[in-house]
Amino acid sequence: MESDNLPLNKKNSAILLIHCPDKKGLVAAISRFLSRNNGNILEIDQHVDKYKKVFFMRVEWDLDGFLIPDSDIGREFTEQIAKPFDMNRQLYFSREKPRMAVFVSRYGHCLHDILARYDSDEWHVEIPLIISNHPDMKEVAGRYGIDYYQFQVTGKNKKEVEAEQIKLLETYQIDVTVLARYMQILSDDFVSRYPGRIINIHHSFLPAFPGARPYHSAFERGVKVIGATSHYVTADLDEGPIIEQDVIHVNHRHDVEDLVRKGRDLEKVVLARAIWHHLQRHTLVYENRTIVF
Amino acid sequence: MESDNLPLNKKNSAILLIHCPDKKGLVAAISRFLSRNNGNILEIDQHVDKYKKVFFMRVEWDLDGFLIPDSDIGREFTEQIAKPFDMNRQLYFSREKPRMAVFVSRYGHCLHDILARYDSDEWHVEIPLIISNHPDMKEVAGRYGIDYYQFQVTGKNKKEVEAEQIKLLETYQIDVTVLARYMQILSDDFVSRYPGRIINIHHSFLPAFPGARPYHSAFERGVKVIGATSHYVTADLDEGPIIEQDVIHVNHRHDVEDLVRKGRDLEKVVLARAIWHHLQRHTLVYENRTIVF
Amino acid sequence: MESDNLPLNKKNSAILLIHCPDKKGLVAAISRFLSRNNGNILEIDQHVDKYKKVFFMRVEWDLDGFLIPDSDIGREFTEQIAKPFDMNRQLYFSREKPRMAVFVSRYGHCLHDILARYDSDEWHVEIPLIISNHPDMKEVAGRYGIDYYQFQVTGKNKKEVEAEQIKLLETYQIDVTVLARYMQILSDDFVSRYPGRIINIHHSFLPAFPGARPYHSAFERGVKVIGATSHYVTADLDEGPIIEQDVIHVNHRHDVEDLVRKGRDLEKVVLARAIWHHLQRHTLVYENRTIVF
Amino acid sequence: MESDNLPLNKKNSAILLIHCPDKKGLVAAISRFLSRNNGNILEIDQHVDKYKKVFFMRVEWDLDGFLIPDSDIGREFTEQIAKPFDMNRQLYFSREKPRMAVFVSRYGHCLHDILARYDSDEWHVEIPLIISNHPDMKEVAGRYGIDYYQFQVTGKNKKEVEAEQIKLLETYQIDVTVLARYMQILSDDFVSRYPGRIINIHHSFLPAFPGARPYHSAFERGVKVIGATSHYVTADLDEGPIIEQDVIHVNHRHDVEDLVRKGRDLEKVVLARAIWHHLQRHTLVYENRTIVF
């Protein structure tokens, strides 16, 4: 066993994310399935929601020497374990490199931060596509050789624009979409196609200050901390399952411009942490909560 | 000059808290008034609300060698400076020991923390009075020799109870009242008697989760931070000017009981910091914001 | 399964803390031992030190319905699991209430904080004994009805004093000793009797500013954060395995008295968190590191 | 008056940074000098080191309508105020755009972060020059159109290399140099040319873990927080006056690679905050401490 903290590409491992009704013997059954097939567990983490009696687990094991061929693991696990325990399971292989699209509007700080991490191979990810409703970030995209599509969104053409965007996500075989301060609201239709696969950054500590202009609202209320929240996008705006939050202290000297400036650093790092957890397959959404193993 | 960070009783100083319409020459006029009268400024701090064009200042100076007798300072300052500049001013002397009442219900952690600080002379304060709607903390009050009054509050007798409480605050010559997890809502009548003189601790990062059971709501929403807020009490519940806020990180493993337990430590320290600032005369309320110098 | 975050007394559970050379099949073997005997795992947490190839685990299970009688669990586990895997194991039962002694000198803030938590049943612990080299805290001990022994420690009588203190720890059947700002250095002899059973709070973020007067050193160095560190005491002063650390921001305005005052709040909460983890059996010391599950 | 929090280029102001022996009447004298000349104070901040009896001040005022021409302000202030009070003073104008050089080695995260802020005009600064002992960041510099000079530093040629670097700093008229994870130690000769004008980021919370490989040392010591420190560079390695520090929590699960990864985000933001304060003329070095107004 060793830590799962390396970017996944540096390992040859498989990851199971599981949830099911809680029951005795779950850990034993799963760990036995792996050990019987000569799987060395790299990381195992479990949680039980005691109110809802639901069991959650993330287990990662070394594929070297594992007796079941990769192509059969899913089927074997489903038959031997998932079905008997009425389990919902996702299976990932560390060698698979997720493909990520970034949606951005005019503020580039989150995009810059994402691309710098991409450039330095901090994450195990491919970023082939940037989509925007503005031209501002086109040059930045160009510097990194990433395709950039700009859509003028109006009240009328939203449906058509989203149809084209969905086609792009398909063409580019996108696994996960990041809204890096994308100031357009996506339709329910769009969102519901990608459950647990669209990550947003909102510039407040939700549920405080949802909606537009949260820094202005924070200033008005005279708060002594401001925050940022990264969450999976659902049909309910700013109500999706939270992945990561953080705050910083402010005081009466900070005007709205200061909050905006200081908040940018928070947004960048909160979004980056959320993306990291998603890419490392640490996250498991259940109803409106995110388990982050 | 030296730092104002000592408890005020360790200095022989005067403090002016000021606000007025912003104008050129304010700092010069005030600092000249002091220097002309041989006042050594210990601490001077100013702020301008650029949106509302209001000037705020806290200035503290050494009374040793100051040429104006203490009893005349207020009048002299008002005539020479406050009136010409249309100023609102409060004057305090460090030798005055504020008298504080604590209202508490059944949770004793904030009260315990306050009394331990009181016992060790951390604050420049007198605590002669504890008021509760429960008997639970009577023994604790007794340990510190503080008078304890218990009132059974019902829907019907609220007015009479508050009348008696107000009489107690008068009898004990209370300057500031702290609601240390007091679970009764005070009437507008009560609150409006003591503007900027009642400090509450609310167990969430307001404006998120106002009202009852914020830890339950925080758990339901799946937040990744929980917080506490200390604010001056106004007629609008949980809407008063914020003095201090802080948060701690939580995760999916923490159930409601954990949030309650972890939150207690936050409540204690956030309330204590707010009380410290109030007692040190660092705070100045303007509309719904607290300047904390 | 449910969370282990409740104070242990609210559960009827057993806890195993384990470390051994890392090997395939460890999780399977342990979880199978429990499930075969009808044990419902409440919490399971593991870690592998990849550099040293050591496996660590904390597992807690419900004793209700467990097929092995309590008195045989240790022996059965040792024979079936611990021996074959060359394991070091500690077994605890949640119903056992640890007995804690507190050593204190003249600063009472940590003691006050501990006693307030004791008074409100926050922890599953008995505190029958306070030992000091000063009389200052005697009255506080009296308020809580705890026996207080004062020893005048000089260069000459240290050995005799420690002998008496050891006798007291035996008489009062103390399981864990907390040095709550105890300003005497314990001898190697004393310390080596209680490995992993003496918890200290040091008022700096170790390894910065070991030894005496860390706040003065922090001020001299002009640091922008100050910290506190709780660690198990070993023969090497301020070098023991760290359980918990935290910091707060300071700036040029804060003089030494401010650092001392602000530091106190940090010391209290860092020590309290360390004690909580120890009492909940979350901690496992290996060489000079503390695993805090 | 209004907040000084805007990047300086958005204002037409002058800034004085002052220190001198503490004395009565300093604030009055300085504020009167400004008000007599029709100067509107935008921000005034003072501090007294009570141990050393030294007075520090930063005052910023609006140049619109100020009666003394810019070119005479320095001379007038020196004659009327600085000389009589034995003052050390620095005068800056907000319209002056500081010119910054960045030294970098192979780790690009701090450089990327600096350039993204530069690109988005977050700071009032010109960055015409990047110097490195490696070729790795050449492409990044090229993307932003910044000149990049690479020097192979060996034991022997250090003196010659530094001579060339100094010539570059002169040619490019550099005001401030940032060591953005530059892994070469600069000679005393080099450093002493630029007092208070070279900013470094060290990847630990100094004074803990100075020198090389602090994350490895932090891991070895088993700390529960890791940190980063930005400081002005002096001849004593890692001993210069600290501008900014921050930490994040870590636990036993984090191996050295994790500390490195998590530390990067800390280094970026701590360095960026230090640069911001320097560029806003918030910093004043006195002996081994940095006043950050």
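All chains are identified by letter, namely A, B, C and D, in their written order; residue positions are counted from 1 within each chain.
Just so it is clear, a contact is a pair of C-beta atoms (placed from the backbone, for glycine too) under 8 Å apart; a residue touches a chain by one contact, two chains touch by 3 or more.
Please read all numbers here as calculations on a predicted model, not as lab measurements.
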item: Reference subunit C; chain at largest CA-centroid distance; value: D
item: Same-residue or different-residue interface between subunit C and subunit D, half as cut-off; value: same
item: Where subunit A and subunit D are represented by their mean Cα positions, the distance between them in whole Å; value: 36
item: Length of the line joining the C-alpha centres of subunit C and subunit D, rounded to whole Å; value: 42
item: Contacts with two or more other chains, residues of subunit C listed in rising order; value: 3, 50, 253, 255
item: In the complex with subunit B, residue positions of subunit D that touch it; value: 1-3, 22, 24-25, 27-29, 31-32, 34-36, 38-41, 44-46, 48, 50, 55
item: Subunit A - residues contacting subunit B, complex; value: 47, 50-51, 205-209, 221-225, 227, 241-247, 249, 251-253, 255, 288-292
item: Contact footprint of subunit A on subunit D as seen in their complex; value: 3, 5-6, 108-109, 112-113, 116, 119-120, 122, 140, 143, 253-255, 257-258, 261, 264-265, 269, 272
